[in-house]
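Please go over the structures that come below.
Okay, so subunit A shows up in both of these, paired with subunit B first and subunit C after.
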Partner chain A sequence: MEKEIVTLKEKLNVVGKPKRRVDAKEKVIGKALYVDDLRFPGMLYGKVKRSIYPRARIRVIDTSKAKALKGVVAVLTAKDIPGKNMVPIIVEDMPLLAEREVRYIGEALALVAASSKRTAEEALKLIKVDYEPLTPVTSPIDALKNTSPKIYGENNIVISYKLRKGDVESGFREADVIIEREYRTGYQEHVYLEPQGIIAVPGPNGSMVIYGSLQCPHYVQKAVSYVTGIGMNKVRVVQVETGGGFGGKEDVPSWVAGYTAVLAYRTNKPVKLIYDREEDILSTSKRHPAIIKYRTGAKKTGELTAVEVKYILDAGAYATLSIPVLWRGTVHAVGPYKCPNIKVDSLAVATNKVPCGAFRGFGTPQVIFAHESQMDLLAEEIGMDPIDLRLKNALEEGDQTATGQVLRESVGLKETIRRAAELSNWHRKRREYSLLKGVKRRGIGISTVFYGVSLGAAGKHLDKAASLVHVFPDGSVVVFQSLTEIGQGQRTVIAQIASESLGVKFEDVYVQQADTSIVPDSGPTVASRGTLMPGMAVIDACKRIKKRLAAVAAEMLNTTPENLVFENGEVYNVYKPGKGMLFKEVVKEAYNRRVNLGAEGWFEAPFTSFNPETGQGEPYFVYSYATHIAEVEVDVETGKVDVLKVTAVHDSGKIINPATASGQVEGGILQGLGYALMEELQEKDGYILNPNLTDYLIPTSMDAPEIEVSFVEARYSKGPFGAKGIGEPSIMPTAAAILNAVSHAIGVRVFSLPATPEKIYWTIKGSGRYT
Partner chain B sequence: MSLFFQKSESLKEQGFIDFFIILSISEVIDQGSVLDLQAFIHPFSLDDVLEFLERGASISNVMAGGTDLFLQVKQGLVKPKYLVSLAGLKELKKIDLEVGFIKIGSVVAFQEIIDSEDLKYKAYILQGASRKMGFPQLHHVATIGGNLGNASPAADSAPPLIVLRAKIRVVSKNGERVIPVESFFLGIKKTVLKANEIIKEVVIPLPGENFTGGFVKLGKRNAHVLSTISVAVGIQFSDGIVKDIRIGMGFVAPIPLRTLKAENVLRGKKPAEGLVIKCAKVAASETAPISDQRASTGYRWEMVFVLTRMNDFKDHFQGG
Partner chain C sequence: MNETGNLKIKFTLNGKPIEYMVKPNWTLLDLLRKELSVLSPKEGCSRGDCGACTVLLNGKPVNSCLVLAPQIDGKEIVTVEGLIEDKEFKALKETFIEKGAVQCGFCTPGIIVSAVALLREKGNPTVQDIEEALEGNLCRCTGYIRIIEAVKQAAEKLQKTS
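After this line comes the complex of A and B, so read on.
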């Protein structure tokens, strides 16, 4: 019966509409409160003493002078941690505070709480650390050598995966053309507007409340419980307004909250710990640098016959999230193409550098740069248009992916390619730009991707979501869910889903920020799962309430529940439109009849599987698809690139809110543009040379190209109203599309990211093409 | 940053009773950002500024727009006890067209330079450079005096002022002196300014007929970026001959540089292509760019050559 109530109404009133962000106004006028805006009586300021060596033994940490400074309330080292000295992420290898050895510059050694930030800063200088420096390992290639010091396990390999399909050797024998190249990509720093920040407030009965800028409240809850020894039932994590995350607030807030909670525990005072930008850049996670060796075999007619990939990630000093990042990269290494013979070997290698972690795309932008460059090289080699080559190999319904997964539904890939080509005037521009002469050359390039939505088989145990929905006697609705608004519009989209599901006005729904004490663990806000997973859980709760209300309304309207339509704050008999009641009238009656107007919702991710021996299985339950086409102008005398336009066509299933979805795509393109052309974190011997925004450059609005966004809505039957995910696909194709466009413009190819003006200049000069 | 007005007792005792004193609120100090700052001095007359500097120069920093200085204070690179703002000096906040020259007061913001009708015709190279400096918000705060006084080798106003033959008038309680722009800088963050002196104005002689030129800035992105290098060229033509030429460059040496030898290659000649290339080569030989996070020495040398030459392509000229 529930199902029928939902399906009676095909027309959508709120879903699919560009509703204004529910948090927009407060953020724009400056009224929204971020963690640094919060204050508590007696609050202390925390600071972290950090390693200045990439690798060293710790002989002694002398805190006596720091403790003696007026205003200092606590100076803590590893031995003062009340619980376990361990940040629980995937494996337990990273201590909260280093005790015997430091493994990267910026690793935490000691904590200070003081009455002012200034005093805390001064106290840091008074902590004397006696180090015995050791030879650091700073490149993954060095780390893999037999002679390398062993800094992680027996062989410095954090994790490795393999994927085997068919027989690559015979695949290469069948090939008419083989393209073999090596690609390198650099770090990418998240540069969220708001740096990391946490406030820990000790409460009654040994409890602790954590307020913070974070993506994954349940991760933080677990970490705080670990390091303080407080039971999870007494640790409450409240996410406050968060100024961006992009993956950078996936695991890192667990460390930050760990430091803060330990200080709050030991001082029994609220403690605020806010990173400054330099500290944030030096000590928090980034996109992994990568080395990708790629070999592609194909027929003269374009069909791929074999793909062989070796994918190496520079993990940094601890595993953190390298394990799932590398797994996702491995599964996506071939791209959205059919190929019968595949061999992928991947490694995440430890180095004495800051641990790399989650960043929008999660291990895929690196391999995408490689596979999309390969596709263009292949197209050139066999004299085929890059669009035609991709269409020839692109996955469609019924095809098998690299892991042998048969795609049963919601595959809009080919339509994204066709539409992007059409919207960008690909064929005309490709021809015209090729004829340009002079200093300013133009090029147009394409990149196409697929993305497994949500956590997949590797994160299966976390892939669930809960919700709690209450309807009040005035007809208004509150929704609790446990994924976070981090600037992407999540609360707005959830409000739309709840509003549509209950048939109430959008304005009557209020979505609360995440709070671990209210809603069960719903997994992290990552993997483009913030719409699909909680959306389904919210629909589940709404259905339960609606069923109860429908029973009441049916009596009131003298009909049966099946005939009822809940729409826009009204309830009516589908055969007698215009003679219904207001939703709140039904609610009031139900309330008086003591009907339960609150419900929990639950959703478990659909089936996934993965065989670690072969890499075969169904790693993700559904995929999003995207194609970007970039147009650039390159000054061949200076190497400077201007990106003129990016055409982005995305299949993320049903688009719940076209405005916020476009916003995601636009932001992703800008971030991808930075990754492609300018974002360069420079590291030498384990030291980061530019931990500041003067020399780590991200694109400004003056660098923004014209962006045209279009959606192919190939609905997914198990997603909310057919939705999949968009957060990460929005950045994934951009850099590869820009680099392919640059190659088209200058006639030579750059094989590493970022393609700075200087790198492009020397590439051009080295080619001898423009003398 | 929140600020409030208050008369400072200690300064009153020292006789500075007519100044408005702005103290930073205790919380700002608490947050550790403005460690040693005791007072923010905001005078309304030039005499007051000069008087204050005469007596308290060693513990003070002069501030115009503050866009560079505040970062340095925040990073602890500069630790002034007193910040003396020039923002209240109306007489230094205007652009005057006089006979034979234009005067730009030291606290004129770059947006005023960009918007000035007078400069549009007489000093468009400076306007073009101003547009390319920083980012739109910055144009409303940063000043020409501050840009010069900060003495960055990448100061975007310096190369165009060099080619415009601008002079800097500095003033102290003891009087004024006038210094050509190219002689004003001594090194990174170092100028000929004495502690008791401030920049009063920039004086640009009006270029004659047939003056043309351009400014090119190279950076890794289109705004809010320190120049990798910048080049300005100004040429006074007479019957198709280069009667005079000036070339100014940013970030190719510890100071904004005038490349005299390169100028001599073209001076008195017709700017044929071969000569322009020679000029660019000589310009490169006169520079000593560094290798840093923004670019290598080798790339900068190549770019001196490219940009100097580029300046002479006619489509790069005019309009900046």
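After this line comes the complex of A and C, so read on.
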């Protein structure tokens, strides 16, 4: 078995090549079908009645007028839910429909199904809710005060973590320099271009099929089973073409499917529920706003001696994913650096606002903004180049992370820093830009990150993946797995892995979309695990089939299985190349001999651990690394920033498809640019003031900078062909690199995100420079 | 207009003449998607912000969610479904696939329609022209780089063959 992998590693035919995406053509010709493109006979349209108060007691919900409207088939409240009124995420605290109290604006209260969307919308207006408004808690700082109303548990704290290493006090005593600052970051909205949507179709024998735009089919299956009371064996979730996710379709589709399934159950008709954009922005998860207090101690020569962090997340009204988001943020709070003395305390605090959840980076971009600003402040203080400071502290093989984990392999971090410096001409530009005068100033800034791939110790029980592979008598192959294609190119990458593993042509592999009735629970499509986890499961299945085929082929070619090479649709004896057979000839013979040509594959994540008392352990089994260097031009009279170029160097292990991997990085950079400079969700007293894309601005084609992507491929021995993960590291360093570049350009620093032109303008003004 | 307030409009859709009874408050996007099952234009915001619903109205790209159905009476509407044999479309199709300018694909039909309109107007667009032509088409996945390159390359291909 080992030998096989070694052979493949040496000579790869499909893996590592920029293969064309398997789904590109359908999408370009407009034939790809998204959930709103599907229709079923007799289908009804669903809508959700939502709270208009951030916190209120519900006295009565009167649905009589809505029910009387022509075309309305059902109006349902909490008491009509056939199963449990609960959306199961990590803990069970969030009802599907609020019954006695609403806790945020946009919380669901009642459901309507009608013959048309318009009628359903009309019916919503006829539902009368009698509220008794209560004083809301809308800031985490207020929520932590003793005097605050208790809106979550005994103290409004959803979850807290701590991480302890060495002794920070003595670390700070040893330090020559101490930098202490506070950072703030705001919400970030996903703006997947396709809003949330689900269709639920009741079937025979009390079964239900869910079609939807989603990342995590197995989560949805569980939620639908919970709220309808239908056994999981009769709930089938089929993912359809999904118009972007970025974490926003991790937990939210569980609620959307919950509403839709309850309506379908009660009406016994297919029901479609598609959010409109405003509803989507108001009521679905976002990146958590954060407050980070950061204290860094270092020697004059640059070595970190102590880091102390207090990290507070604004969780919103329910726990949803705040628990793992905060955990990941805590584990990554110090950055990819060696430091002997560490103290991190983190809290996720409840407020009467929309629950925050998963967004690419998952609790890390906030702390990265803080630790990378700290590194630059430190560099400035001790008069060292920011690159040299990072290289001095960067993790290498054999080093210990903040959690005491010894990194045993696949640590390409320093190479990402060096290469990024070289590709961007860092040293020359850093010098030249410093000399610029006038209205337009330029700056160059760096940011460096690490990212624990997959779910880690906090999500251990979910960290597995399955696959099912069938080879057909014509030599073609179908692969089932249940991580999802959400735009990142996952199906293409899986097809490459299967094709390489079986030695068949890339074109002969077809990867099906996820379907919970076919493949065992493989956990969620999150945490940059979409290549590594199912990739290993697919390799496992392919190996089993190949072994059976090799026995047949060895006989046919008069040799032993060990001597066989499967590649590019051919099978031959390694000592007699050119005298082989076609893969499909072997398959045909095997088929006639009644050999089983289908196999299930399985992969369990390698060991992870975490001690809740000290935060020490091996939280993740492997890490990806990245360095971004941003170049900006700032107009000091208006505060407007133009990002000129981003150089992005990533170590994500072996890159299976350089084209889709670069696509991930480029897209991540633009989202990071938005996070850094323009994306600002305005919230006041629990109300979101700009729930639309007119006023919540995301980057357009006009904002796209030049981007140069390069890969350091430090292979991981337990990943498919050495691959790790790329999805999230692609956004993580960008905002901090841009902010460091801005501060290099203007000579003053902005301590909160987004750094809008207005904020930059006032920062410059306040500094008294350029007057 | 008849007594129910519906009115009959005539227009051409992807080259075919159509007569249809519409309600005055229907949008062109609803007419296309819900009534006529023309599904390539997508609904991303319904208020003119995202460009996913872009179609050609008398050859010009418009957000079909902002056009009311009665306004297209006597006009010509073209969507991706009607561009399949078009030479600009064919060139774009190839370069979009080659360059990997597609990720989730939800923005793609709208972007292709805007790009077709650009290439018909300017055979040799600059990067700036392309960025401007696509400014109203949001894409949250790609970072635009590959899209811009794909449009540029399609233009070059077309220049060579013409």
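We adopt the following convention: the second predicted complex is superposed on the first by the 763 of 771 C-alpha atoms of A that agree within 3 Å, B and C clash if a C-alpha of one lies under 4 Å from a C-alpha of the other, contacts with A are read in each partner's own complex, and residues count from 1 in each chain.
To be clear about the criterion, a contact is a pair of C-beta atoms (placed from the backbone, for glycine too) under 8 Å apart; a residue touches a chain by one contact, two chains touch by 3 or more.
Remember, it's a predicted structure, so these values are computed and weren't measured experimentally.
Asker: Is A:700 touching the first partner subunit B, the second partner subunit C, both, or neither of them?
Answerer: Both subunit B and subunit C are touched by A:700.
Asker: According to the stated criteria, A:756 is in contact with first (subunit B), second (subunit C), both, or neither; which is it?
Answerer: The answer is first: A:756 touches subunit B but not subunit C.
Asker: Does the superposition put A:638 against subunit B (first), subunit C (second), both, or neither?
Answerer: Touch partner of A:638: subunit B, not subunit C.
Asker: Of the two partners subunit B and subunit C, which one touches more residues belonging to subunit A?
Answerer: Greater contact footprint in residues on subunit A: C.
Asker: Quick check on the superposed pair: does A:33 touch subunit B, subunit C, both, or neither? Answer first, second, both or neither.
Answerer: second
Asker: Please work out whether A:678 is in contact with subunit B alone, subunit C alone, both, or neither, and reply first, second, both or neither.
Answerer: The answer is first: A:678 touches subunit B but not subunit C.
Asker: Just checking: does A:24 make contact with subunit B only, subunit C only, both, or neither of them? Give me first, second, both or neither.
Answerer: A:24 sits against subunit C, while subunit B stays out of touch.
Asker: Considering only the touch criterion stated at the top, classify A:193 as touching first (subunit B), second (subunit C), both, or neither.
Answerer: Only subunit C is touched by A:193; subunit B is not.
Asker: With both complexes overlaid on chain A, does A:768 touch subunit B (first), subunit C (second), both or neither?
Answerer: neither
Asker: For A:41, is the partner it touches subunit B (first), subunit C (second), both, or none of the two (neither)?
Answerer: After superposition on chain A, A:41 lies in contact with neither partner.
Asker: On subunit A, which stretch or stretches are contacted by subunit B in one complex as well as by subunit C in the other?
Answerer: 694, 699-702
Asker: Report the residues of subunit C in contact with subunit A in the complex, numbered from low to high.
Answerer: Touch list, subunit C to subunit A: 33, 39-40, 42-50, 52, 79-81, 84, 92-93, 96-98, 100, 102-109, 112, 130-132, 134-148.
Asker: Would you pull the subunit A residues touching subunit B in the complex into a rising list?
Answerer: Within the complex, subunit A touches subunit B at residues 116-118, 121, 439, 637-638, 640, 642, 677-678, 682, 689-690, 694-695, 697, 699-703, 756-758, 761-762, 765.
Asker: List the residues on subunit A that touch subunit C in their complex, please.
Answerer: 18, 20-21, 23-34, 36-37, 190-195, 241-244, 246, 274, 276-277, 486-489, 659-660, 662-663, 666-671, 692-694, 698-702, 704, 707
Asker: Report the residues of subunit B in contact with subunit A in the complex, numbered from low to high.
Answerer: Its residues touching subunit A are 29-32, 35, 135, 218, 220-226, 228, 293-296, 299, 302-303, 306-307, 310.
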